[in-house]
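Here subunit A shows up in two complexes: once beside subunit B, once beside subunit C.
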Partner chain A sequence: MKYLRLVLRNALRNKLRTGLTVGGTAFLMFVLIFIMTALTEMEAWQGAAETHRRIAVQHSTGLATPLPIDLENFLRSEAVTRHAEHLQKLNWFGGYWQDPKNFFANFGADHLVVRELWDELSIPPDAYARWCAQKNGAIVGKSLATKFGWKLDQKITLHGTIYPCNPELEIVGIFTSSDIRQEEQLFFRWDYLDELMGGKKIVGTYWMKARSAEDIPKLKEIIDGHTKNSSDPTETVTEKEFGEQFMAMMGNIRTLVASLGTVVLIIMILMTANTVAMSARERVTEIAVLRTLGFTGGHVVLFVLAESVLVTTVGMVLPLAASLALFNGMKLSPNPQFFPYFLIEPRTIVIAIAAAVLSGLIAAAIPAELAARRKIVDGLRQVV
Partner chain B sequence: MSDSVVRVQGVAKVYRRDTQEIPVLENINLEVAPGESVALMGPSGSGKTTLLNLIAGIDRPTRGRIEVAGLALDGMSERELAKFRSRHIGFIFQLYNLIPVLTAYENVELPLLLTRLSKAERRTHVMTALDVVGLTDRIQHYPRQLSGGQEQRVAIARAIVTDPTVLLADEPTGDLDKRSEEEVLILLKRLNREFKKSIIMVTHDPKAAASAQRTVLLEKGALVTA
Partner chain C sequence: MAIPLKYNFRSIVIRWISAGMTVLGVAGVTAIFVVIFAMGIGMERTLVGTGHPRNLIVLRQGATETTSGVTRQQASDIAALEGIEKDAAGEALVSPELVVVANHPLRGGAKANLALRGVGPRGRALRGNIKVTAGRWFNPGLGEVVAGKGASGRFADLKVNDRPFIRGRSWTVVGVFEADGQAYESEVWGDIDDLRSQFKREYSSLIVRVKSDADLPRLAQVVKDDKRIQLEGKPHADYYKDQNLGAQMMKAMGFIIGFVLSIGAIFLAANTMYAAVASRTREIATMRVFGFSRLAIWFSFMLEAAFLGFCGGAVGSVASRFLFDGMTSGTANWATFSDMAFQFRVTPMLMGAGVILAMLMGIVGGFLPAFRASRMTIAHALREL
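Take a look at the complex of A and B:
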């Protein structure tokens, strides 16, 4: 701590240069935090899914192909229920409210098992009772209701983009969730969707909850084995694997985003290295004087590294604080449709701090080593 | 002989530039008694600063042996040499070499940061050193706010603040005007007489040399008088 003053004064010696470096670092850090948050938001579902034992049964050719309704009979048979419970038909409706820009997650779902299957959702009992009693009832997440200004008993019309129908729904309940992202959904009844579709019994996916983790591979084997030679073979996946399908579709985007993050980090290191090298070069004589006074090469390395880490850390704190205020505090999102939430996760904060410290250390490593290794007499002789 | 605070025996220094060898010092023998002040004179390139650097432990001789305060410098590691310098050497440069981003007080405090003294103890030492050089009223001034003479006095305070065994001064008046030169010489003389500091001063200036108790002449890397 007694050297902090020296480090601070040296860092602020050339205020314009340090300011520009901090500004550049801050900008790059903001980009890095943004990129990392985009990645974590893309993977948020997978992360949340890991804690549940939900599994999905989908058509082996993909989600665009519906499953036969008679598969439900098998899924309700003892062979399956021995390993799973709370079977639900769940169709991604893909509708919007009023304007295509108002796009959000909406599903036609078997209402009777929603509370048991999606147990992270907190649905008030009276809301659930109303939903069971009212075929065109819908329950919406609190966050989504707030976003669109929806109130209980309000009638809304969803415009179908996949199904050729426009469900006229009445909001009968508002649910909350420990994961705020789950509040960006709307559920209406599958039987109402089927009625609108003329009773075609279209099933997008079947969902259920495995009784234990050990039951999951058994369920995959039993269900997919049963449908293997049928006209509608299935693929049974965990919720995490289900989410990963969407990530796989964006595989290149993910790699691109990750590569961008790496490039940003490299630019930051090079920019800081340049500043630190210039600063150390200008102080060759001063460093020699310090060593004449009894400071060691280790002290010199410490001073140069500390100065560099100070610059990158300040450059990290500013955008991190701004990002936390904008995204976590004010709940702003760069793309509300794709990212209903754009939350800086604790993991991102840790990575940002680590990136700042590490880039500061890497950037200063060579200049620090050169400064410490230079002979004192050479340093004293040099006129900078 | 064991009374000497500085003992230089058969020291030679050869610089190598590519394949070329440049001898700077040849068979130097010098002893400085405790409390003695010695002026090291000689033409440019005669090796005065090199000899001073060797005694300070900031350069190593090619041959020979140097002892300061009873400690043999040969065989010391860089870390040991740094520790030796912080304890036994006070160095005064021609161009003062104060750290421009630190105040006079902070510059003087610098060598004390290497000690285990508390902040309050450091303050006492710094104020004492600045009092000796007569600059207690300039403690918050940065080097750019001081005159050349004042800067050199701060540099002297920095050199004496740890109460080193030897003061080494490399052309301490070389960059000063007449008045400041006189002030610095009086100060060095006072440090020698009053505080019994051993001083080795490199100088071109006969007036500065006259203020020392003994003058040693170096010519072409060899001692002419000792």
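Take a look at the complex of A and C:
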């Protein structure tokens, strides 16, 4: 700590050079944070999913194939309810409001268990009571309602793209959630959807809550075993696995985006290394003088490393603060349709800090080592 | 008079570590820009251009082929409409089709959504660019299918003579086809009646060849307004163009990331050039004494900066071309939720754009340092140690 002043003075000696390095690092760091956030945002659902012990039953050929209504009887039988509760029929409706661009998550869902199954949503009790009484009622997340300017009691028409019907819904309640991303949804009643579809009893997925973590593998075995030789075999998955299907659909684009992040990191190291090497070269004589005064090689290494880490850290703080303000504070998103929110996660912050420190250390490692190893006489003799 | 290029070249060689790091940094930025765009261009090539210019696709309002439904009655009503091209035998050039997706294992072991398309007898002719490259075309009624080249390469069990189990039955792959790299290559095709009886579904779409360009919007209006039909007609090419979300997203990403990274690289170039100017103060003064003008010195340093940028751009572009061009990958087509194979396309145009971008980084980064070099007063500069 007592050398901090020295390090600071050294860093500020060539203000232009340090400034340019900090600036360059800041822009690269911004891209790194941006890429990381794009990745965490794609995985956001899976992160939240693990704690709720929810499982989904879907058709083994994929989500596009509906499940038979007969399965409900089995899922309500004692063999299943011993391990799970709050069974819900949940159909992805895939409708839009007014314009196909207004695309958002909307579901036809059994309303009676919504509160127990999706227990992280807070639905006002009177709104819930009204929903139970009104067949064409819908509840929407607060953030979604704000986005489209929806008010309580407003009538909206959803335009169906998968189902050939256009539900005319009335907003009976607005719910909130601790995770703001979950407020980007609309639920309407499954029985209303079925009525519009002429009572065809189409079920997209069945959802339920496992009674304990140990029940999950048992449920998979029981349900998938039951349907194995039927005309509609099922695949029972956890909520996390359910989300991972969509990740898998992205293909290796994620890997590629992540490796772009690595390249950015390498560029950052090159840039800092360039600066550190230039400074170290200019200070050869000075370092020799320091060592004559009794500072050891270790001290010299420390000075060079500290200066480099200082520069990269300052270069990291600026874009981190800026992106926190823009994305988490002002709730901006680079693509509102694809990412309703673009929130920087704590782990992204940790990675940004680690990347800054690490690139500072790696960039300065060789120049520091060279500076410490050079013989004092050689250093003093050298004319810069 | 201009300062000889040899001077710049030798100066770079002497400061090779610093110059090399700058070149590599610029190369990295260029490579990122080029690779993201190569993905975007690859996805775009798959979708844009798919669909014959005089084909109309008829679907349910707002639906895609995987979600749409068209009844047999609607199909025969449409086939009887005016303005539809007839083939030599006098039959309307219409193909009723059914597209379903199935979760099918990829070659690597993970699963993805495979699109299975049933086509009518005129379905192949309506595309006009389907070439069988291995095996033969399928015969109706026998559960035979042909696999697109992209699907065959990405998914398991889709080579000729394989018998994949897809959605409740096994099918026989009798051939592999190509379609100029278009979206069809990511699909498996079979006979419409085979698929319909297997999935107990109606048609999902109708592909219609119209007589003239003017018939495209006219027929689209007719199928919308006709009380018996009430469906949506779209030019087939537009249908695919509208699915191009992924590519647009990629390009937008490429612009943002490329732009911000370039600013970072400009700082890097500026740093290097400032150091170059600082270490050559006395040389600059000497050249001024020899009579080289301020402009000549400015130009000389600008040239050096641009050259560093050019080297970085060339290294980055060429490396991306070797590493990524033609690489096959796949991603979800979010409009249909089925897997779409595409190839990275590092085109010469894109490489050129990368080099120009890199030179710009050098030029912008070198501008102020070169200006500083040209502003030095001789006496002051010569005195400096």
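Just so we're on the same page, the second predicted complex is superposed on the first by the 383 of 384 C-alpha atoms of A that agree within 3 Å, B and C clash if a C-alpha of one lies under 4 Å from a C-alpha of the other, contacts with A are read in each partner's own complex, and residues count from 1 in each chain.
Simple rule for what comes next: a contact is a pair of C-beta atoms (placed from the backbone, for glycine too) under 8 Å apart; a residue touches a chain by one contact, two chains touch by 3 or more.
Please read these numbers as outputs of a predicted model, since none were measured by experiment.
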item: Touching partner for A:Ile376 - first (subunit B), second (subunit C), both, neither; value: first
item: Which of subunit B and subunit C A:Ile353 touches, first, second, both or neither; value: neither
item: Touched partner set for A:Asn10, first subunit B, second subunit C, both or neither; value: first
item: Partner chain(s) touched by A:Ile366 [first = subunit B, second = subunit C, both, neither]; value: neither
item: Subunit B versus subunit C as contact partner of A:Cys132, first or second or both or neither; value: neither
item: First (subunit B), second (subunit C), both or neither touched by A:Met197; value: neither
item: First, second, both or neither for A:Lys2, with subunit B first and subunit C second; value: first
item: Partner chain(s) touched by A:Leu290 [first = subunit B, second = subunit C, both, neither]; value: first
item: Chain touching more of subunit A, residue-wise (subunit B, subunit C); value: C
item: Subunit A residues contacted in one complex by subunit B, in the other by subunit C; value: none
item: List of subunit A residues in touch with subunit C within their complex; value: 16-17, 20-21, 23-28, 30-31, 34-35, 38, 60-65, 94, 96, 100, 159-162, 164, 231, 245-246, 248-253, 256, 260, 263-264, 266-267, 270-271, 273-275, 277-278, 334-335, 338
item: Interface residues, subunit B side, partner subunit A - complex; value: 53, 56, 58-59, 78-79, 82-83, 85-87, 89, 91, 93, 97, 99-102, 106, 110-111, 113-114, 119, 158
item: Subunit A residues touching subunit B - in the complex, by the definition given at the top; value: 2-3, 5-6, 9-10, 12-13, 285-286, 289-298, 375-377, 380
item: Subunit A-touching residues of subunit C, taken from the complex the two chains share; value: 17-18, 21-22, 24-25, 28-29, 31-32, 35-36, 39, 60-64, 66-67, 69, 100-103, 110-113, 166-168, 249, 252-253, 256-257, 260-261, 263-268, 270-272, 274-275, 329-332, 337, 339
